[in-house]
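After this come two complexes, each holding chain A, first together with chain B and then together with chain C.
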Partner chain A sequence: MVRITFNRLSVVRDPWSLSASGTFNEGVHLVNGDVGSGKSTLALMMAGLLPLSGGTIEREEITTTMLSLQFPELHVTGLSVAEECASWGVAPDEILDAIGLTGKEDASPLSLSRGELKRLHLACVLAQDYDLLLLDEPFSSLDCEEKVKLCAQIGQKTQGITIIFTHEQNILPRVKRIWEIVEGTLFDCGTPPDAFQHWRHVPPVIEKLIALGSPPDNISRDDFLEAVCRIQG
Partner chain B sequence: MQDPRIRIASAAVLSLAAFISLHGAVAVFLWWLVFTPRLQLAKRIRLVFSIILMIAFFSIVLELSGGGGLSYFMRMTVIVLVGMWIFSEQKSGEFLSIGVWLFGNRSGFEIGMIAEMGMQSLVSVTTDLDRIRMAEKIKGMQWKVRSLVPAGLVLVHGALARAEDTAELLAIRGYRNGGTVCPKFLTLPIDIVAGIFAVGILFFTWIPVSEFFILYR
Partner chain C sequence: MITAELLCYRNLVINALTIKPGITTIIGANGSGKTTFLKLCAGITIPDSGSLLIDDTPPRETEIGWVNEYPDRNILFVNVFDEIASPLRFRRTPCNVIDSKVRAGAEAVGITYLLKRAVRELSGGEKMLVSLAAALVHHPKVLVLDEYDSHLDARTMAKIEQGIRASGAKYIIRCTQQMDTAIHSDALLFFDSGRITHAGTPEFVFPFLKGTAYYPVFWGS
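Coming up: the complex of A and B.
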């Protein structure tokens, strides 16, 4: 089974530092934390793109890794949208049709709006299966409708480890485990709904539902709706 | 070096001294060895090695096509080393303070702000370039000359987008011209010593010292 383990991992950039210990098993994980807490740094370290100051990362049966950076333009290597799709090894027609960008094959990827480029980038990334998929702020630049679609796509992933690094609080997919970076340390909050007790920055909607005596089972919109229905009887 | 006024003035005179002659470049290199944290700088700014490689390429072309390549290489490399030192020591807000200290709260503020934005842009471009190379690695692509075209487009696009954002932000906040800053500087004795040596190097590079000695021969 695929697995990634942090053994007293640390990175120090005086005066800022980040430490992490724990194991990520197969499934979708959420790593939550404030802006600047170290989510992107942790993602880069998991992808093996940043050196560690201390500790080790053990990767078990992970042969393919993909990291989606927060800013999609940094991934652009094609001079046209079609070329960009090809650089990811996917057929342009299929992808562009799915994200509503048909007819823009010859346009420069940089001429797309940030939202369009993000959709294109995520569609290319999610078109393939990876043992370890790291999504750094996948919801940024997307409107609510697109966020919901993305959650559905992530929810369909049945194999490998998918880790979402985000400060998004409202629209999230159903996850197996919740992690949180607080004051330079990665904490394992556990599995939902028990994780809500340990999640320091628990979304307000979950807090409210707990206060009303109807905690959601997980963190997706469907779970929130189900919890609300429970209140109404 | 703590005082940005002495640091920038030193960098200006040292660059000029290195550019004027090979002797000047050697003297500036010695100054760089004595007064800067050298290797730590080189580790932090990896881009410098690529720039030096590029200078080496042009120096070889120059040497083969008419001579003077070695002198060019040494002088330009020393100037790059000085630039690397200035870039790594610079702290946010220093250009603004120097601008206001030199030219006051109106034009000085504007010159300082433009310089700050330039430095900020340089830092962003360096970070973006690192990330672009990481992104290519993620895609399983190797860094080639052909990669420069899309990477360059992304960098220029990013710099223009940031400039536009900044301009809009300033306009929204009602910025018209000038501003108020009370500059404060910390000057250490070593800063003054380094500054005096820097000016001394330019002085001895500029004046024809050899001819001066010939008179007394």
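Coming up: the complex of A and C.
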């Protein structure tokens, strides 16, 4: 079973610091936190790209890791969209139609709009399976409909550990576990819907649904809409 | 008023549009023309044909504050203080005035603690706040914000919303994919394939979007 465990992990950049303990098992996890809370730092450390100030990270049966960075242009290596796909080991005709980029095979990836480039990058990432998939702000630059599609794709993942690091609170996939970074510490909120009691900055929509006596089962938009339907009868 | 008449730029076509003072929010899919329109409002690009005027003046002759969704594309200086001070220094503002205005600008978006930091050390959201402070520091008449909230959490947004409203900008034109932000607007413009298909107050526009991901979960409940 794939698993990644933090043992009193810490990183210090005086006066800022981050500490984390906990175990991420197979499934989709959400790591929520404010701007500058350390989400990207944690993702970099999990990917082994940033040295720890203290503690250890144990990786069990994790042989393939992928970190998708917040800004997709940082991943670009191909001079054309087709080259970019090939650099990820993906045939362009396998993904371009689904992301609306058919006909742009010869275009420079950097000439695409920001949403198009993010879709291209995510399609290349999600075309393969990884034991540990780290998605740093995957929803930034995507419009509402594309966010919903991405959530559906992430929701279809059946193996490996997928961790979404984001401040997004409105359009999210169903997740197995919710984590939150607050004041320099990673907290394990647990599994939804029980996690909502421990999620300090629970999304306003969930807060409102709970107040109305109809908490959602999970954190996807479908769960929210279903909870609204319950209220409306 | 901001007025557009027979405006064409690449695939964007707007036959007639009037934007009143206040907060106007643009929503729509990627590639629908939102950023193109914002760049025209900011004077970064000029129309292929037709006109866009701000109180009868071209955007390039108007004080504009511009924030790009990708702040790295606009940030010029190494340190946060210098970046926020840059619009004032370009105008040869006296140093003692610059110092106080930079601190006030940073305070308006809650980043005084970042003033001594190097920009490259900041998170994406923090860079966005630096760009916003730099856009606000010279008190523009028009503030143009291109998905500035896509890297910001809800609590930070709530804090800076107040700073934006208090900025004194007569026109605030922004695009967002957060409908919780869009509902707090004086006017909404919904863009689809280079055209404005719905325009009006949130109460007028959102009913047209029912059944889409743009429809707020609690709207009308």
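We take it that the second predicted complex is superposed on the first by the 233 of 233 C-alpha atoms of A that agree within 3 Å, B and C clash if a C-alpha of one lies under 4 Å from a C-alpha of the other, contacts with A are read in each partner's own complex, and residues count from 1 in each chain.
Just so it is clear, a contact is a pair of C-beta atoms (placed from the backbone, for glycine too) under 8 Å apart; a residue touches a chain by one contact, two chains touch by 3 or more.
From a predicted model like this one, the values you see are computed outputs, not experimental measurements.
Participant: When the two structures are superposed on chain A, do chain B and chain C clash or fit side by side?
Facilitator: clash
Participant: If we overlay the two complexes on their shared chain A, which of chain B and chain C does A:H75 touch? Say first, second, both or neither.
Facilitator: first
Participant: Between chain B and chain C, whom does A:R221 touch in the aligned arrangement: first, second, both, or neither?
Facilitator: second
Participant: Once chain A of both complexes is superposed, is A:V35 in touch with chain B (first), chain C (second), both, or neither?
Facilitator: second
Participant: Which one hits more chain A residues, chain B or chain C?
Facilitator: When the residues of chain A touched by each partner are counted, C comes out ahead.
Participant: Check whether A:K147 is in contact with chain B, with chain C, with both or with neither, and answer first, second, both or neither.
Facilitator: After superposing on A, A:K147 lies in contact with chain C but is clear of chain B.
Participant: Which partner does A:V205 contact after superposing on A: first (chain B), second (chain C), both, neither?
Facilitator: Second partner only, chain C.
Participant: For A:L67, is the partner it touches chain B (first), chain C (second), both, or none of the two (neither)?
Facilitator: Only chain B is touched by A:L67; chain C is not.
Participant: If we overlay the two complexes on their shared chain A, which of chain B and chain C does A:S87 touch? Say first, second, both or neither.
Facilitator: first
Participant: Would you check which partner chain A:Q169 touches, where first means chain B only, second means chain C only, and both and neither mean what they say?
Facilitator: second
Participant: After superposing on chain A, check 80-88, 170-178 or 188-196 and name the one in chain B that bumps into chain C.
Facilitator: 170-178
Participant: Considering each complex separately, which residues of chain A are in contact with chain B in the first and with chain C in the second?
Facilitator: Correct list for chain A: 71.
Participant: Once bound in the complex, which stretches of chain C touch chain A?
Facilitator: Residues of chain C touching chain A: 28-31, 35, 69-70, 72, 121-126, 128-129, 147, 150-156, 177-180, 212-214, 217-218, 221.
Participant: Which stretch or stretches of chain A touch chain B in the complex?
Facilitator: Against chain B, the touching part of chain A is residues 44, 47, 49, 65-67, 69, 71, 73-79, 87-88, 108, 110.
Participant: So in the complex, the part of chain B that touches chain A is made up of which residues?
Facilitator: 128, 131-132, 134-139, 141, 147, 149-151, 153-154, 157-158
Participant: Which residues of chain A touch chain C in their complex?
Facilitator: Counting only chain A, the residues touching chain C are 13, 33-36, 39-40, 70-71, 113-116, 119, 137, 139-148, 167, 169-171, 201, 203-205, 208, 221, 224-225, 228, 231-232.
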